[in-house]
Structures are given as C-alpha cells and as structure tokens.
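The same chain A turns up in both complexes below, where it pairs with chain B and then with chain C.
Coming up: the complex of A and B.
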C-alpha cells in the first residue's frame, strides 16, 4: 500500500479511538463534554516533550502522558461533576481554552502556536495504531456489556432512579470521565505520531465537537454505528479532493458538507443512522431470518 | 489608571452581558446551551461589516446596528426552522438540541472561513479620534460607545421581559412550560420570540465586537466562551444573574490582562470559575435551574 493509503487508515483509526472515548462517556453515561480534545493535547504534549527533553523512551512517556491526562481529568471532574450536566458541558469548553493557553504560555518548550515537531518516527506505526484501535474498541465494547456499563446506562436514563437503586452516581461519573479522558489521551498520542507535528490550534473545541458529531451521526447508543461513522466520515472527504462543483473546490467545503448531512440526520432520524442497535452477527442473522420469513409469507399470500 | 481599566472592564463586560443574556434567554426556555449563538455573532459581525462597506459614505452607526439586528433575527428564525423545530416536535432529549446547535455553530464558522477566512476585516473608523478626555481621565471612544449601546439594549430587554405581556409569557414558560400551556400561553410563539430576541442580541453584539476587534470567522466562538462563563457564574438561565456576572467578568478580565498579560488570563479565569462553582454552585442569582422531571 502507498503511504497515502496508510495515512488514511491511520486517520480513520485515530478518529475511531477518540470517538470510542466519547462513546464511553456520552452514550453510556449521558455526559456531554466539549473538552476531550484538551486531553489529547495534554497527553500528546507531555509525551513528546518528555521524550525530547528528558530523552526517555517514547512508550514510557506515553504511559506518563496517558496517566497524567487521567489525573487532570480526576482533578477537573471532582468539583464540576457535582453540578448539572449543562454546567459540565460549558465548563469543558472553557477547560479546552485553558489548556491551549497553557500550551502557548509554555512556548519555550512547546514552540507555542508554530507547533511542536520534534516527534520521533516510529517504524510500522500503522500496525501499532491498528492494534491499539482494535484493543480500545474491544475494551469499550466490554465496558458497555459489563455491570459497570449497565450502571452507566441506568445513570443516563434516569439519575434519580439510578441513585435510588444504590448506585453511587457521583463516583460513577468521575470514573467514566477519567476513563474517557484516558482513551482520548491515547488518541492524542496517536495523532501526534501520525502527523509528526502538534499545535494548540489542532486541539481546539471544534475537534471535540467533531467527535460528538461523529458519535451521534452513527447512532447514539450504537458502538458499531459510531465506529463506522467515525472511520467513514473522516476518510470520505479525502475522496472529494480535486472534485469541482460549480467552480467550487469541494475539498474546502468538506466540513460544510458533513455539517449539512448531520443536520439532515438530526431532523429526519434523530437517533443517528444506526439508532440504538448494534451491528453484529446475531443481528445480521435476525435480519436475514426476518427477510426470508417475510418472503415466505409474501409467497403464501399469492 | 485604575479608573480607566475599570471603565474599559465595564465596557467589555457589557458586551459579554449582551452575549450572556442572548444565551441565557434561550437556556431559560428550552434548557439547552445554544452554541449556535457564537456562530451567529460572527456571521452578524460580517454582515455589519459588508453593510457598512457597501456605502460610499458610511451610514450612521445606529443604522448598521439596526440592520444587523434584523438580519440576526432572520438568521435565528431560519436556524430554528432547519435545526430545532423538528427536534422540538419530537420532544427529543436536550442532548439533541446540544448536538444540533454545535453543528450549526461549526457550519457557520466553516462557511465564513471558506469565503472570508484568508484575511482580517476591520470596521471603518467611527470616530475622528480614538480617545477623549473628561478632566484628566482618558476614555476610549469605542469602549464608551459600546457601553452606552449595550446598556440601552439591556434596559430595553429588561423592560420587555419584566413589563410586557410577551415578557410575562416568556417568564411563565421558563418556570413551567406545561402549566403555562394549560393557562393558554402559546409556547410556540414564545419560543420563536425568544429565538428572535437572541438573534437580535447576537446581531448587536456582533457589530459591537466587530468595531472593537477586527472581524474573523472564529470571533463569535471565542467570545461565546466568555458568555458561557458569565452565565455559569450568574446561574444558568437567569437573566438577572447573567448581567452582573458578565460585567464582573469583564472587569476581572481587564485587570488580570493588565497584571498578568493576555496569555495567563484564561487560565486564572478558569481557576476562579472552578473555585466559585465549588463554593456557590447555584451562581450569583441563587436560582438553580432544576431538571424538569
């Protein structure tokens, strides 16, 4: 495969990783955050700056970066998760802005808005990222079907009812937020390794918003739907390169196009393309069975 | 020096108040954070700029403000139609409103940056001199103008909300939509009015911000964050809390910028907000926006 195709695969994988992080938070626990890109930023900067200035191996600094993101998430979540969900979403926007200000403030180390580009090259990166992606999707899937995931879904559906069943709502929220942030942190490191340059502008709130949008496009409660839409919608615009319509270059309109697509989906299929159903072998079998039984019924009528 | 900082802080705060009120009024009725407000502010700033630039001799400032306010209303109603109306009819959870508003915000910002993203646009000079003196204190003309315009608009708005029939209807729906519908209030009309008010506020604040700073596509989004912070501190969905909180925020921001520089300011502001929320989560107004069961 050519380098271009490999980089597209990595792009799709990174998108899947970050959307999985958001999935565990928004779809399972019903928390809405626009600050997930900030955790990508924290872990990516920490990982690559430590690797550069302390000359540590990259896998070690990645671990440090991921856990540091989790720790920051813990600190941020302790006061804010006591509040209503709306406060939390708004605060997360402000948090994202704060993180990019810190990055610019530490310009001596992070090269400010020009971007930090001293990122080591990793051989066979595409396999590593693919592996990580599969691992994370598998983890999030297990999370969804575990006791923990069911508790989260109860919390999402009705917080007061969940509390009355003896679920410690606050602790649960903190836990899921930290998990989501650590997954986002993994996504951030992969992003840095793929692009070989990170800048504070790349991790602003619109990236976080994009994750949420990709998640909802695929289906609010459907992991497979979100994964497919995360990979598909991210890669699709690359095929618009060089296509011209009425003298406009469609490539520059890619975000506009997919925003319009999403508005159509919100209007006419509010729960996202896949809704709450998962795509797996059992579901496929069920559909096939229904189709064949429908056919036989149709035959009888004739 | 302190007095000058205070004046420009209050002036900045009054623009934040316009944004925060536009945001809070939608929140108080529909219980969702209208992120599209930021996009509308940017779009209106551009509309105002091109309106002024299209004349040989620039029209008086109030004409531009009125024109963009009308454009803001039209845009807000259009956004309501394409993005929120069907969700409302389906009575979907607020999460979808959130999503729709974020999508609209990104859509507007992207459209603007595709067409006008390459350079900054500056409004033509309104005043002959940028500063004037009262006694020995120097005032910035634009800051003073912004302060006056925002205070007038806010007064008018508070009058409408507190003294007129439609204002009463808005307050009633904000407290309890189901009961107010039983009392014969047409909640669709109220919602449309609220969007219209928010649109007009977005238009006015867009022009004011455009004259103060230059116009660029992400202008609204970056100012919107301040509006969020102000309305969070004021108590979400409370108009009476949002205004003092916004002015306080403006003053604090100006002083912090003076002492610490513009880079460290957002960090300190966020810290202050966290501490404030930890101590008094219901905001200045003390009215806690409760989830409707």
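Coming up: the complex of A and C.
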C-alpha cells in the first residue's frame, strides 16, 4: 500500500479512537462535552515534550501522558460533574480553550502556535495504531455490555430513579469521564505520531465538536454506528480532493458538505444512521435470513 | 408482635410556606401491607420521597430495622433495602426488561471497571449470577416472556409489573408502591391487586407500603391504613374502621352543606 493510503487508514483509526472515547461519555453516561480534544492535547504535548527534553523512551512517556490526562480529567470532573448537564457542557468548552492557551503560554517548550515537531518516527506505526484501535473498540464495547454500561444508560435516562436503585451517579460519572478522557489521550498521542507535528490549533474546540458530530451522525446509542461514521466521514473529504463540480473544488467546500449531510441525517433520522441498533453477528444473521426468505418468496412468485 | 421494619416519627417537611407533611408517624411491620390514602395534594408522595430520601426531612426521625436512617443519603437508603416504584412508571427506556431488572442489582455487581473492559473471568461469573437472579425474579412474577422486550413496547399494566419486579429483585426490606393503579383500567387494577397479593405470598418478610387513591383497592389489600389530608394524618386504623370514619368521608366526599 502506498504511504498515502496508510496515512488515510491511520487517520480513520485515530478518528475511531477519539469517537470511542466520546461514545463512552456521551452515549452511555449522557455527558455532553466540547472539551475532549483538550485531553488529546495534554497527552500529546506531555508525551512528546518529555520524550524530547528528558530523552525518555516514547512508550514510557505515552503512559505518563495518558495517566496525566486521566488525572487532569479527575480533577476537572470532581467539581464540574456536580453541575447540571448544560453547565457542564459550557465549562468543557472553557476547559478546552484554557488548555490551548496554556500550550501557547508555555511556548518556550511547546513552540506555541508554530507547532511542536520534534516527534520521533515510529516504525510500523500503522499496525500499532490499528492494534490500539481494535483494542479500544473492544474495551468500549465491553463497557457497554457490563454493569457499568447498564448503570450509565440508567442514569442517562433518569438520575433520580437510578439513585433509588443504589447507583452512585456522581462517582460513576467521574469514573466514565476519566476513562473517556484517557481514551481521548490515546487518540492524541496517535495523532501526534501520525502527523509528526502538533499545534494548539489542531486540538481546539472544533475538533471536540467534530467528535460529537461524528458520534451523533453514526447513531447516538450505537457503537458500531459511531465507529463506521467516525472512519467514513473522516476519510470522506480525502475522496473529495480534486473532484470538481460546476467548476468548484469540492475539497474547499467540505465543511459545507459535512454540515449538509449532518442536517439531512439529523432531520430524517433523529437518532443517527444506526439509531440504537448495533451491527453484530446476530444482526447480520437476521438480515441474511430476511433477504433469503425474501428471495425465496420472489422465486415462488415466478 | 412481629418485627417493626420501618418506623417514622414526627416527620415534617415544608416547601417554602407550604407544609406538605406535618408530624407524620407510622410503623410498618414485617410482612405487613400498609396503605397511605388521601386526596390529591395530601402529601402522600412527599412521605415516600422522605422515606427514600429524595427529600431530607425538616424534623423527625426515620429508622429502618432499628437503624436510624434520618441522615443517610438516597443512595445509602436504597442500598439498605428501601425500594420503590414511581407514580408515572420510570423504567429505563434504553434498556430491555431484563436489563432494567438487572440494573437494580448492579450497584453491588462486584467486578471492577477494568475487569469489565477486558472481559476478565470474574466479570463473566458475576454477570451470570446477576442474570440468574434477575431471571428468577421475572419468572417468579410471570414476566419472563418479556425479558428481551423494550419497556416502551409493553402495555402499561405490564410496565407497572416490570417496575415492581425491578424494585423487588434486590430483596428489599420495604417495598413502596406509589399509586400502582394510576392509569390502569378496571380489569388491570383487578389483576394488580392479585399481583400484589402474589408478591405478598412469595416474599413473606417484605413490608409493603402503598399510596393509593382508589378505596376499593386499598380496602381489599391493606392490613392498616393511614389517611392523610393537607399534610396531616386525619385517621388511622384497620380498613373496616376507616371505611366508616366520618372525617375520612368528609375529606373524600366533601362536607354536607
């Protein structure tokens, strides 16, 4: 495969990783955040700066970066998750902006807006990222089908009812928020390794918003739907490259096309393309069965 | 005399200037069905919310099985064995019936987040145990055939039962039913009375506290009745006494002009 194709695969994978993080937070526990890119930023900067200035191996600094993000998430979530959902979403935007400005303020180390590019090259990166993606999708899937997943869906629907069944809503939310932020952190490191340069602009609120959009597009409660839309919609603009329509370069209109697609989906399928259904072996079997029975019926008619 | 499970003493709760509950005392024994009746706005649901700690009482004490729970949080109280249903069913729409029942056991699921995410052996074992207990409860209440259905696809009467099953699965000490007959047709009410009787037979230790409007249901079902009006207890006693109490009739039917 060409380098271009490999880099597209990595792009899709990173998008899947980050959307998985947002899935566990928004779809399961109903926390709407527009600041998840900040955790990508924290972990990426920490990982690559530590690797450069302290000459530590990259795998070690990655672990530090991920856990540091988790720690920051814990500290941020303790006060903010006591708030109502809308205030929490507002504060998450503020947090994202705060992290961006801290990165710029620490310009001596992070090279501010020009971007930090002293990122080591990793051999066989595409396999590593593919492996991490599979692992994270697997983990989030298991989370959904565990007692934590059930409790999250319960508290998302009705917090008072959830509490009256002994579910510690606040602690559970904090836990899920930390996990989601650590997944975002993994995504941030992968992003840095792929692009070989990171800048505060890359991790601003529009990236966080994009994650949410991808999630809602795929289906608010469907992990497979989110994964498919995360990979598909992220790569889509690349296929628009060089395509011309009425003399306009579609690439430059990609935001418009994005938004139109989303408006159409949100209007006609309010719960996203997949809604609440998951694509798994049972569902595939069901579809196959329906099709074969439809075929046999058609055959009889003839 | 049998053991007292729930003891409420001199409970007070006001919202701004409105005294919703004034000096409410009550005891519920093991295996007893106690009803709280009264017209709209009498403070019945407030009493339930005080017992399950959605509200904290302004004054008064609550004890569960001899343990003081006045200052316990809603979560702690639920974990100690106070379980309830709601006036408008509050089933979790995103979960099917089986998961709705399982979720009531999940706070005590005994496996960690990491074990859940990596599918470690303990997760399988505990999950199987939870499923078994939930299915047992559903079978006991003849609801097993709905296990895989979403609650929104079920008739209201069945939803009520599922909600009761969800409240029962964790083997609570006290089961509180908040207007279980609201929104049901006469036939469903009839079935509900049988259903509560059935539960009473199958869980002999369980104390049941019912809020209800409908006199017929209450008279048939309960061992003891408290009548509330404007936050005050205007009568208490056995069903037969309550039926003929002039104060109760006044509250329910209005005064003769």
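By our rule, the second predicted complex is superposed on the first by the 289 of 302 C-alpha atoms of A that agree within 3 Å, B and C clash if a C-alpha of one lies under 4 Å from a C-alpha of the other, contacts with A are read in each partner's own complex, and residues count from 1 in each chain.
One rule holds in what follows: a residue touches a chain if its C-beta (ideal position, glycine included) is under 8 Å from a C-beta of that chain, and two chains touch if they have at least 3 such contacts.
These figures come from a predicted structure and were not determined experimentally.
J.: Is A:279 touching the first partner chain B, the second partner chain C, both, or neither of them?
T.: neither
J.: Looking at A:163, would you say it contacts chain B, chain C, both, or neither? Reply first, second, both or neither.
T.: The second partner, chain C, only.
J.: For A:197, using the defined touch cut-off, is the partner it touches chain B, chain C, both, or neither? Pick first, second, both or neither.
T.: So A:197 meets neither chain B nor chain C here.
J.: What is the contact status of A:153 with respect to chain B (first) and chain C (second): first, second, both, or neither?
T.: second
J.: With both structures superposed, pick whichever of chain B and chain C touches the larger number of chain A residues.
T.: Partner with more touched residues of chain A: B.
J.: With the two structures laid over each other on chain A, which partner does A:260 touch: chain B (first), chain C (second), both, or neither?
T.: A:260 contacts chain B only, not chain C.
J.: On the A-aligned overlay, A:8 touches which partner chain: chain B = first, chain C = second, or both, or neither?
T.: In the superposition, A:8 contacts neither chain B nor chain C.
J.: Contacts for A:32 in the overlay, against chain B (first) and chain C (second): which applies, first, second, both or neither?
T.: Once the two structures are laid over each other on A, A:32 reaches chain B alone.
J.: If you stack the two complexes on chain A, which partner ends up touching A:94: first (chain B), second (chain C), both, or neither?
T.: A:94 contacts chain B only, not chain C.
J.: Same chain A residues contacting chain B and chain C, which ones?
T.: Comparing the two interfaces on chain A, one with chain B and one with chain C, the shared residues are 160.
J.: Along chain A, where are the residues that touch chain B in the complex?
T.: Listed in rising order, the residues are 26, 30, 32, 34, 76, 79-80, 82-84, 86-87, 89-91, 93-95, 97-98, 101-102, 104-105, 160, 205-206, 209-210, 212-213, 216, 220, 252-253, 255-256, 259-260, 262-263, 266-268, 270.
J.: Which of the residues in chain C end up touching chain A in this complex?
T.: Residue list for chain C touching chain A: 52, 54, 74-75, 78-79, 83-84, 86, 90, 92-95, 99, 102-104, 106-109, 111, 113, 116-119, 123, 126-127, 130, 166, 170.
J.: What part of chain A is in contact with chain C in the complex they form?
T.: Residues in contact with chain C: 139-140, 142-143, 146-151, 153-154, 156-158, 160-169, 175, 179, 221, 276.
J.: Touching chain A in the complex: which residues of chain B?
T.: Residues 27, 31-33, 35, 82-83, 86-87, 90, 92, 95-96, 98-100, 102-107, 109-111, 114, 221-222, 225, 228-229, 231-232, 236, 263-267, 269-270, 273-274, 277-278, 281, 289, 291, 293.
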